[in-house]
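What follows is a set of notes on a single structure, which appears directly below.
As written, the chains take the letters A, B and C, and residue 1 is the first residue of each chain.
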Amino acid sequence: MKVRLYKRFTFCLGLLLVILSFVHLQSGEVAISYSDAWNALFSFDEQNQSQVIFRELRLPRTGIALLAGAGLSIAGLLMQTFFNNPLAGPSILGVSTGSSLFVAISLMSGLTLFTSTFGIITAAVIGAFIYSLLLLVFSSFVRSNVSLLIIGIMLGSFTNSIIQMIQAASDVNALKSFTIWGFGSLQQVNYNQLLPIFICFMLAVGMLLFLVKPLNSYVLGEDRAAQLGINTKRVKTMLIICVAVFTGLITAYCGPIAFVGLAVPNIVKLLYKTCNHWYLLIASALVGSLLLLICDLIILNLESYIQLPLNSITSLFGAPVVIWILLKNNMHAKN
Amino acid sequence: MLLRFKLSLFVFLCFAVLFSCKHQTEIKQITTLKFNKVVNAQNFKLIQHPNFIELQIIDPEKGHVERSFALIREGVDLGTKIEMEHIEVPVKGLVCLSATQVGMLNKLKAISFIKGIVSKKYVSNKQLLNNLSLGKVQELQTIDQLNPERVLSTGSRVVMYDGFGTIPTNEEKLKKLGVVCIPDYDWRETDPLGKAEWIKLLGVLVGKELLANNYFTKISNDYSRLKKQAKQLNNHQTILSGSLIGDLWYMPAGESFYAHMLSDAQLDYQEKDSKGTGSVSFSLEHCLKVHKQAKLWINPGVASYTALLRLNPKYQFLDVFQHKKIYCYSHNANYFWENSAIEPHHLLSDLIALNHGEGSIKKLYFYRKLEE
Amino acid sequence: MLKIEQTEIGHKSVLLHVNSLQLNPGSLYVLIGRNGVGKSTFLNTLIGRIPALVGDILLQEKSIFSYSKKELSKKVSLVRATFTGIENLSVNEYLTLGRIPYTNVFGTTHEQDILIVNEVIHLLGLQHLSEKFTTQLSDGEKQLVAIAQALVQQTQLVLLDEPTAFLDYENKWNILKTIKRCTQDNQLCTIFSSHDLEMALEIADYLLLINPFTKEIKQVKATEITKQELLAYCFPSL
């Protein structure tokens, strides 16, 4: 009974996502015909303005919005389950910032190897991995959810100040490309990067399939999970790799996007009221993509009046979610 | 041309006579109002009073007088008290927080007046660099970041900075220390000659108003002549300017200084009808729609094609990227910022040359083709 | 089924010493000792989390340290003192998680698993709770559900770490009776730790007593010892 309801609801979310993706692809200054859209993919003519716009601007933007929303939300869910803390998320606990730091270092280094696309992704993923590990170490010392949150925020501020120092000491051109990158944007991806990103993304999703069972058991606590025969050491490693790939990959291309990873899993848990990670993961991916698409649609539609940065909108709904969780937890504790 | 020269010579002679007549009574008074009359610039005025010159800085947004200063020749007794900040001219030294001021002082052979600048990173002038290495000039950072005490130590009592409409906190502090700050709105001038005319203010400050006036007259004549030539040649290439910063492409607004320059060079700039005197921003999609076929591209912000592609590979979908007609000043950006404002005739000459294609380009003052 | 001989137990230093213990299915063992004497360490050793310092522990003729994690999870389960409930997790889902050792790598549950869960629900009379969220249960219900999960896990060796410590009188006896019944019906070997002496004497088949000075664990039949003797052995400083 309940299962059928979940499936229907998830299907509706998926349908809504498909519709909004098409709306998103259609949004912009230039009207693009279906035939141009089709040709842009299968018989691309570089001289045709509409085709160029569709293939090089619209498609990457919609694509990365979908991937970024899904990736960050999944990373957030993984962290929340793993740290057993509804306030965890890649941006708020400083994992995105760690990623940024490593991107900054590699961009400022000026070495071709490091400033290439491959170099930047690698740096971003390594940064996210190291910061997840750091969090893991810290989390073993603190018991309270809020303490971990504060540690994460401090870690982020600390890292930001290092980034600022690097910026102060670096040359103007490198600085330019990095500060821009820091705003959070869905427009820095190219058509030919879309496939490699998608492949990396799917590899992480593949790994995720093997994490569903451990995640479900982690709901009972790491100790009980181990008793139920889960290899916690291996799961930890896989989990951190997954979080690092999702966060790093997205951060490398879109900059640090705030709050999506934190807010979406909480919204999904509220909607689904389950701990089954099959549903939670799929729904988080769907809702995350939906949310980022909606945010970007708002930006696109307001473009002629005001140009808004992506993070201003994601924070607008993300920050209230944090407050809501804190209030809810406090009331829970009082009762 | 010749007539104008004769006329100015005549005026000059008249004044010289006038000067020598009054020499005995008003020896220390500034009597060069005619030289100082501001024609093209909108954002400052010089007004002659009996024994001082009033400098009015005008708010570019609202058009009213934002600040007034009394420029008083050393030793002159004003008699009555005036409710303005006083500046004794010629000044002992200047802190110049804008590169255009360096260019102007260079034309006035007054680089030695400079006691402080933002940073060595933005300097092109050799003499200034030399003074920097000799320790005669301090690096102070921008008006918001500088340390007022270090300004005092330079010995200069006048600071010129790029105005932004609000009074920086440091200005209040500096005022208490006896340092006068003059906001410089040359960058907000929309007339192609308006920026250059600020040299007249600097001329008064360093006591070289005659030289400043002569220089300005010369370049306005050159500018008019070039503008006329361009009109006769009647060539109109489409042109695109600026670059993406983040997700937005910033271009000169229709009423801006740069848009006027482009139109004076007879270039066809598609955003010439946009409102505003600063810059306008567009999405990349808009640029691909409107500017895909543009024949020329200036000011992309980098000096090579590789750097351009690294900033954003999507640039390659502009036709101009394939034609390789992209020009920039970035190979020598500091030189550009120091001199373009005070050499509008050279800037115009560059743009006209670009309008007429490779064959006609004999000498480019500021621009250069992007490197591979 | 559980055999321990000449074994020393502890984290780094020796906490407990076992000369010889032989535990059999169908019996309820109560572990008694002073606070901090090492009851939890003993239980943690029995589920293989803490290695024995000297000697070995044989579970069904095989060292528990040679079992893989997965194999062991089908043999031993441990219920902790408190279960506080988990948000958004229904009792039914919670119990189903007890089947994790038996599911494939994706955690798919089969009809067999659902049958077992339902069986346990009936056995403990949890029908009215099965759709509730674990956070909505009373303390007694929570503990009952935690024990139910161990039963769903279908291990023959069931360890309970002070399962009644935070319960009132009525709930305590309910839980104990349930434990006793399941032990006999399913031929389990159940060990639970406690410092409630009267309760231990009444319910246990055997007592495992820890002397705080000799650090030795001694096994006695519950019917063959009086409360005074018990006190003298486990709490000699009284």
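In the analysis below, contacts are C-beta pairs under 8 Å (C-beta built on N, C-alpha and C of every residue); 3 or more make two chains touch, one makes a residue touch a chain.
Since the structure is predicted, the reported quantities are computational estimates derived from the model, not experimental observations.
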Chain whose Cα centroid lies nearest the overall Cα centroid: A
Reference chain C; chain at largest CA-centroid distance: B
Centre-to-centre distance between chain C and chain B (centres being mean Cα positions), rounded to whole Å: 85
Chain A and chain B: spacing of chain centres that average the CA atoms, whole Å: 46
Complex contacts: residues of chain A adjacent to chain C: 209-210, 212-213, 216-217, 219-220, 223-224, 226-231, 269, 272-276
Interface residues, chain B side, partner chain A - complex: 121, 245-248, 281, 283-286, 288-289, 292, 301-302, 307, 310-314, 317
Chain B partner contacts - residues on chain A that touch it in the complex: 28-30, 46, 49, 52-53, 56-58, 115, 172-173, 176-177, 180, 183, 185, 187-188, 190, 303, 307, 309
Chain A-facing residues of chain C, complex: 47, 49, 69-74, 76-78, 80, 86-90, 93-94, 97-98, 100-101, 103, 105-107, 133, 153
